[in-house]
Amino acid sequence: MAEIIDLVLLGMLAITAFNIIFIKDLFTVVMLFGIYSFLSALIFVNLDAVDVAFTEAAVGAGISTVLMLGTLALTGRKEKASSHKTILPLLVVCVTGAALIYGTLDMPLFGDPDNPAHQHVAPRYIEDSPQEIGIPNMVTSVLASYRAFDTLGETAVVFAAAIGVLSLLGLPKRDRATIQSGLKSHLVLRVVAKMIIPLIVLFALYVQFHGDYGPGGGFQAGVIAAAALILYALVFGLPMATHVVPPRVLKALAALGVLIYAGTGVVSLFLSANFLDYSVLAEDPVAGQHIGIIAIELGVGITVFAAMLCIFYAFAGQTERKNIQ
Amino acid sequence: MLVLSATCIAILSVMALALARALKADTVYDRILGVNMFGTKTALFIALMGFLSGRPDFLDIAIVYALINFLGMIAVLRFFEYTAGDENQEQEK
Amino acid sequence: MFAQHLPVLPIILPLMAAPLCILLGRSHLAWLLATLVSALSFVISVDVLLTTLEQGVLSYAIGGWQPPWGIEIRIDTASAMILSAVTGISTLVLVYAKESIAKEVDPSQHTLFYTAHLLCLTGLSGILSTGDAFNLFVFLEISSLATYTLVSLGSDKRCLTAAFRYLVMGTIGATFILIGVGMLYMKTGTLNMIDLADRIAEFNGNRTLKTGLAFILVGVSIKLALFPLHMWLPPAYTHAPSAVSAFLASTATKVAVYVMVRFIFTIYGAEFVFHTMSMDILLLALAIVAIFKCSFMATVQSNVKTVLAYSSVAQIGYMILGISLVSSVGLMAGLLHIFNHALMKGALFMAVGAVLLRTGSVDIKAFQGLGKQMPLTMAAFTIAGLSIIGVPLTAGFVSKWYLVTAALEQQQWVIAMLVLLGSLLAIIYIGRILEAAYFKEPSELTAGKDIKEAPMLMLVPMWVLVIANIYFGIDTSLTLSAADTAAQLLTQSMTEIEAAQ
Amino acid sequence: MSFIVDHYNYWIVVLLMMMGFYVVIAANNLVKKIVGLNIFQTSVFMMYISIGKVNGGSAPIAAEGITTYSNPLPHVLILTAIVVGVATTAVGLALVVRIKRAYGTVEENEFEDKEDLI
Amino acid sequence: MIEIISSVFLIVGAFFSLTGAVGIFKFPDFFTRVHAASVTDSISTILIIFGLILRTDFDLVAVKLLFILIFMLLTSPTASHALAKSARHGGLLTLAETRSDKKVGDD
Amino acid sequence: MNIWSTLDPAQLINLTIVVPLIGAAFIALFSQQPNLREGVSIITAVVLFTLVLAVTDNTFSKLSMETTWVALFPGLEIAYSVEPLGVLFALVASFLWIITTIYSIGYMRGHNEENQTRFFFCFALSISTVMAICFSANLLTLFIFYELLTLSTYPLVTHAGTKEAKHGGRVYLGVLLSTSIVLFLLAILGTWVSAGTLNFTPGGVFTQAHSDSLVALLLVLFCYGIGKAALMPFHRWLPAAMVAPTPASSLLHAVAVVKAGVFSILKVVIYIFGIDNLSDIATTDVMLYIGTATVLLSSCVAMTKDSLKARLAYSTVSQLSYIVVGALLASSVAAAGASLHIATHAVGKITLFFCAGAIMVAAHKKNISEMVGLGRKMPITMIAFAIAALSIIGLPPMAGTWSKWYLMVGAVEADKMIIVVVLTISSLLNVAYLLPIPIKAFFNTPSGDQPAWSWSETKEAPLPSLIAIVVTTTACLWLFFYPQPLIDLINLIPDVSTELKGRP
C-alpha cells in the first residue's frame, strides 16, 4: 500500500512540476508550488518523516507560498515569454540529471534495513536516545541534543533571513492604523477568523510543548503561531496586526530567541561542561537533558515566530504601500 | 483495513482530480477552487494514513494541513485583489 | 577555566553578539560590540593556531556527545590559520567600516549591517571549525545569507541584481553540496568527517560516491567562484559596499577554497579524488583558464572594484592550481596563498573604499592624480598591488614562489611558466591604476574638488594589512610553518599511500 | 525488475530535481526562479528522506509495540535544510521586490544595465 | 459492529468526495462548481472523520479528530464562501446571467 | 686608501647599500633647496665610493665579507657576500655615480628640468639597489634587487612625463619585468628546485646528477630572462628608454641597468653554471651565436639611426653582447675580458652619453645630421667624444683595447675562430657608425652661408657637465695605461684569469 501511495504521489508531483515549467501565469505557478509542497509533505509522511512533513507543510506550503503571493502582488503575475536560452539550460540539466542517475546506480536499495545509513550512527539514536535523553521523539532528541549545534545554526539562519529581509524592505511603521485594509468586505471570514485564530495559537502552544512526544517542536510551533498572526493580518489588515504585535517587539524577540538558545549552551560552559551539554543542568543527566531541550525549543520557537512574522510584515508593508499609492 | 485502503485510494483519486482541475481550469477561480479542494482532501488523507500505518498520533499534521490550506486560501484571495487589476482574466490553456 | 572551550568560542561569540547588536539598537554601540567581539575572536583564533602548532589537532565535542554521534569541532592547523586570517580581517574591516558605511549605507541600516557582518563571521568561523559535513552546510548557509544581505546594502541599484544572482548561484551551489553530502551519508551512514574518511576508504570506485564528489566539487566551485562558475562574483563585489567587498573578497571565497581542501584531502582522500577520478587535470585546466581569462578581464575594466573582483577570481585560480598539483608543497602554496591573498585583497578593497569615500567614484578616472591628493591611501594601494603581482618582499611573492616550486618539483615547466605569465597580467591591471594615480592629471570627475586623505579610522586598518603584507613577505617563518604543518597533515594519507607503493 | 523497484523512488526524485533545476536556470522571471529553487530543494529533501526509510519501519517516535523505526537522522538534517530553504526564499523574494522597485521589472532580460559577464 | 458502522461512514464519505470531484468538472459555471465542491467537502469530512473516530479508543486521538472536524467545518465553507464572493466581486457571472446578458464581459 | 678600516667588514656591505638610501632620504628632505640637495648627492656619492674602495681593499687582502639580512625561506636568505666581480662592478658604478651626479647638476639646471628632486632621489635609490646587486650572495637576492632596480629607474625613464616618455617607460617596464618574471624567475626557481641552493658557488651548483636538458634549458632561461643584458630579441627596451634625460640614459646605459644585466649573466655563468662546465651544456653554443648575431645586427641597426642617442643605444646593445659572448665562450680569458669590458665600456659609453647630453643642452641638437661643424662650437665635448668612440672601437691607447684583446684571446683559446672574425667585423662597424660623428663635427663645414669658426662662437655645456666629461675621458685613457689594479681584481675571480691556460 505504502509503495502505491508513494508512486501515485510521486506521479502527481511530477505532473505538477512539469506544469510549473510551462505555465506563464505566476499566480498559478505559486499555487501549484503550494500543491507541490503539500504533496512532498505527504511523501514525507508516507516515508515516516512526520516531523519533516509537519515542517514542510507549514513552511513550504504555508510561509513560502504566502511570501511568494505577497511578492506577486508587487511584481505582477505574468511571466513574459522569453525567446532565448532554452538549449543551454536543457543541456546543463540533462548532464546534471545523467550524473545523478549514474550516482543512483550504486545507491543502496530503497528501504533496505541493512543499508549502511541505518547501520552506523543511527542505531544509537534509535536504541539509546529514549534512555539517554528521556523523550520518545527521536527526531527531537537528535535535533535538540545530539546535533543541537546544527539547530543553533538553523536558528541563526532564520535570524539572518529576518535581518536580510528587514535590511531590504524595512518594517512597516506602526502609525498607519487609520487606513482601513484587509478583506473588509468578507464579513463571514472576519467572524470565522476571530473564532479560529485563538484555536491556532492554542495549537501552536500544544505543538511547542508536545514536541518531545509527538511530531512538532519549537520550529513548527513558531511557524504555526506566526501563521495565526499572518491570518489575522490578512483578514483584518496589517495595521491591526501591528497593533497586536508591534514590529519592534518582534525584532527584539527574534534576537532574544537566539540568545536563549546560545545562552543555554553558555550556561553549560559555566557549569564546566561542553557547549550545549545539558546533562549538567540538573542533578540527573536525563532531567538535565529535558530542561535543556525545553529551553532551546523555546528559543527556537520564539526566534522562528518572530522572524517569520517580521518577514511577513516586511512584505505586507510593501503591498500596503503599493495599495496606498 | 481494506475499507481504509479503499477510502485512501478514493481520496487519492479525488486529490488527483482536484489537481487536474487546478492545472486545467477556465478561470483563475476554478484553479483556486481546485487547490482548495486538494488541500482539504489532503488533510483527510493524512488522517487516513495515520490510521493505515497504525500511528494515529500524526493527526497533528492533518491539523496543520487544514490550517495552512485555509491560510493559503485567504492569502490567495487577499493578494489576488492586488494583481487582478493588473491583467485581464487569464486566457491560456 | 575556558581553555578547553577555546575552539568553540570564535563561533559562538559572534553568534551571540549578533542578536545583542539588534537589542542594543544604536549603531555606534553595535559597532563597538561587533569590533570588540571580532577582536576577541581573533585573539582566540591566534591562540588556537599556536596551540595546534604545538599539540596538533584540537577536537571538541559539542553537547558532550562523542563523534560520530554528536557534532565535533575539529581544528587543525589549516583551519586555525585561515580562521585567524578571517577573524583578523573581520576586525580590521569593522574598524574600517564605521566611516565607510556612514557614507555608503543608509543610517537606519547600520545596526543591521553589523549584525549581518557578525552572522557572516559566525558562518565562516563555523565552516572553518566544524568536523561535521552537514554542520558545514548549515554554517555555509548562515554566511551565505548574511552575505546576500551585505551585498544588497550597496548604494547602487545594481547591487540588488548582483545579490540576487549571487543568491541563486549560491543556493544552487549549497544544494549541490547537500546532494553530495546525502550521497556520502547513504553509503557510509555517518556525517563526521574523520569517520567518513575512514569509511570511504573501503569503497574504491563506487559510483554513488563518485557522483557525490562531483556534486560537492561543483557546489563548492560555485561558492568559491571557480571559472566558469564565477559569474556571480564580479558584480557582487563591485556593487557591494566597500567594507563588504573588502571582507568578502578576502575571506568568503577563501573559506570556500578551504571547504574544497577539506572535502578533497580529509574526507575523500587525495588518492580517490586525483587517482580514481583524475580530478587534478580538470581542476588544473580550469585554474589556468581562470588565471588568464579573468586576469585579462581585469585589464579591460574601467571600474576599479570590478578589476579587483576579476583579479580575485584569477587569484582563486592560483589557489586551485596549488591544490591540483597534488603535492604537499602545492597544497602548502595554496594555503599560503589563501592567507596572503586575504591580506592583499583586503588592503586593496579598503584603499578603493577610501577613494570612493573621498571622490564618490571608483572609476579608474577618479584615481587620476590621487597619488598626490591621497598619498597614504595610494601608497597602501601600491604596496598591496605589488603583493598581488608577486613582487619580492611582499606576501604575494612567497605564495607564488612556492606555487612555482611545487609545479617545478613535478617537472611541470609549462605550468610554472604560465603562473609567472599570469603575474604579468596582474602587472598590467594594477599598473593601469597606478599609472592613473601617479602619472595622470586629475580627470573631470575629480577636478576642482578638494580631495582630502582618507580618515584615520580607515587608514589604520588599511595600513595594518599593508604592513602585514610586507611583514609576511619578509618574515615567513610563522606562515610557512603553519602552512607546512597544515599541508603535511592534510596530505598524510597521500604520503602514506605513496610510501606503501 | 527488482532493480527498478529498488531505485524507482530515486529516479523520480532525480526527475523532480531536474525540473526544478531547469526552472531555476531557464526562467526569465525572478519569482519563477525562486519557485524553481524551492522545487529543486524540496526534491533534494525527498532524496534524503528516502535514504531514511526502512521497510516495515515506523515513524521514529518511540511507542509501545513498535520495534522497527525509520532512521531519524535524515529527518533532522532535512528539518534544518527546510529552514535554510525558507530563509533563502524569503531573502530572495525580498530582493525581487526591491529589484522591481528599482528597475520596474523582474524579467531578467529587461534590466537596462545588463553587465557584460563571463 | 463499530467497525462496520465506521466502514460505512468511510465508504459513504469517500463516495461523496468523489462526486464532489466529478462535480467540479461537470458543472456548467463557477458558482455551481463551488457549490458542488464545498457541500461535498463538508459532508465527506464529517463522515470520514466520524468513521475514523469510531475506530479509536475515544482518547486523545478522538479529541484531535474532533478538533480537525471543527476546524475544517469552520474553515472550508468559509473559504468557499470567500472564494465565491471574490469571484462575484471580480465580475464572474453565473451561467444564467451570461446567457441573459451576453454584453457583459467577465473582466 | 682604506679610511673605513676600523669598521667591521660585514658592516661595510650594509653601509654601501644603506648610504645611498640615507642620501635619498636627505635629497627628499631638501627638495626645496637645490644647492643643499645636490650637495648631499655628491657627498653621498663620494662617501659611497670610499666605502667601495674599502671593500676593494679588503678583497685584495682576502678578507671575507658576508652579511645576512633575513631568512626569507628555509635555506634561502637575503644575504650578501663580497666577491671580486661584484667589487669590480661596484667600483665602476660608485665611481661613475660621482661623475654622473656632477654632470647631472649641470645638465638638469642647464635644461631647466622639472621634478629634479625626484630625479636625484630615484638616482640614489637605483644606486643603492645596484650596490645590493653587486654584493648579493645568492640568486634570490640578486633577483629582488634586479627588480627593484627596474622599478626605481622607471621614474627616470618617464621623467619627461610626455606621451612619448610614457610609451618608452611602458616598453621599458614591460620588457624588463616580463622577461625577468617569466623567464628569470622561472630559471631561478628551476635552479632552486633542482639544485637545492641558489648561493653563488665557485665552480657552479650543478653536478653530474642533474639532467643535461634541464641545465641547458636553464641556461637559455637565464640568458633571456636577464633582459637587462639586451640580448636580441629582447633589446627593444633599451632604445625605448632613450626618452629619459641624458644623465639617466648614461646611468641606464653605462652604469647601472645594462651593466647589472651583463653582470648578472656573468655571475650566473661563473657561479651557477661554472665556466668549466659551460662547454658541456648543449645550449651554450646556441646562446653564444645569438649573442654574436646581436653584436652584428645591432651594429647594423645603429648605423641607420640618425638620432645620436638611438645610435648610442644600439651601440650599447652590441657592446653588451660582447660581454655575453665573453661569458659564454667557456674560457677563463674571455670571461676576464668580459669582466673588464664592464669597466671599459662603462667609461667609454658614459662619455659618449655625456657628450650627447652636452650637445643637447648647449646646442639643442639631437640628430647626427645636424651636428656638422659642431666641433668648432664645442671642441672639448667633441674631442672627448672622439676619444671615447675610439675606446669603444677598441683602438689603443684607449681602455677598450684591453677588454677586446682579452675577448679575442679568449675566443682563440676556446677555438672559436668565427667569434674572432665577428669581433673584428664588429669593430669595423663600430668605426663606421661612431667615427663619422666627430669627423663631421670637426672637418665638415655646415652647408649654406654659415660663418667661419671663431672662438667667440664657442658655447660649451655648463661647467659641471664639462668637468664630468673630462674626467671620464681621462679615465678612458688612464685605463689603457694603468689597467693593472682592475686586472688584478679580475684575476681574483675564481676560474677567471687573464693568463692563458697551460701558460701560467
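Which chain is which? They are A, B, C, D, E and F, in the order written, and residues in each are numbered from 1.
The rule we apply is simple: a contact is a pair of C-beta atoms (placed from the backbone, for glycine too) under 8 Å apart; a residue touches a chain by one contact, two chains touch by 3 or more.
These figures come from a predicted structure and were not determined experimentally.
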Path length in the contact graph (chain A to chain B, fewest steps): 1
Intersection of the contact lists for chain D and chain F: C
Centre-most chain, if every chain is reduced to its averaged C-alpha atoms: C
Centroid comparison with chain F (C-alpha atoms), farthest chain: E
Which two chains share the largest set of C-beta contact pairs: A-D
Between chain E and chain A, distance of the C-alpha-averaged centres to the nearest whole Å: 28
Centroid distance [mean C-alpha coordinates] between chain D and chain A, Å: 13
Junction residues of chain A, two or more chains touched: 50, 70, 72, 74, 76, 100, 104-105, 107, 115, 117-118, 121-122, 125, 147, 150, 153-154, 157, 160-161, 164, 168, 183, 186, 189, 196, 203, 214-215
Shared interface positions of chain E, touching two or more other chains: 67, 71, 75, 78, 82
Multi-partner residues of chain B (each touching 2 or more other chains): 32, 53, 55, 57-58, 60, 63, 67, 69-70, 74, 77, 80
Pairwise touch network: line, ring, star, complete, or other: other
Chains that touch, pairwise: A-B, A-C, A-D, A-E, B-D, B-E, C-D, C-F
Parts of chain A lying in touch with chain E, wherever the complex brings them together: 183, 185-186, 188-189, 192, 195-196, 199, 203
Sites on chain B touched by chain E in the complex: 3-4, 6-7, 10-11, 13-14, 17-18, 20-21, 26-27, 29-30, 32-34, 36-37, 40-41, 43-44, 47-48, 51, 56-57, 59-60, 62-63, 66-67, 69-70, 73-74, 77, 80-81, 84, 88-89
Residues of chain E that touch chain B when the two form their complex: 6-7, 10-11, 13-15, 17-18, 20-22, 24-25, 30, 33-34, 37, 41, 44-45, 48-49, 51-52, 55-56, 60-61, 64-65, 67-68, 71-72, 75-76, 78-80, 82-83, 86-87, 90, 92, 106-107
Sites on chain C touched by chain A in the complex: 1-2, 5, 8, 12, 15-16, 18-20, 22-23, 60-65, 68-71, 108-109, 112-113, 115-116, 119, 122-123, 126, 130, 132, 134-135, 138-139, 141-142, 145-146, 148-149, 152-153, 179, 183, 185-191, 195, 199, 206-212, 214-215
Contact footprint of chain D on chain A as seen in their complex: 6-7, 10-11, 13-14, 17-18, 20-21, 26, 29-30, 33, 36-37, 40, 43-44, 47-52, 55-56, 59-60, 63-64, 67-68, 70-72, 74-76, 79-80, 82, 84-86, 89-90, 92-94, 96-97, 100-101, 104-105, 107, 109-113, 115, 117-118, 121-122, 125-126, 130, 136-139, 141-143, 147, 150-151, 153-154, 157-158, 160-162, 164-165, 168-169, 213-215, 219, 304, 311, 314-315, 318
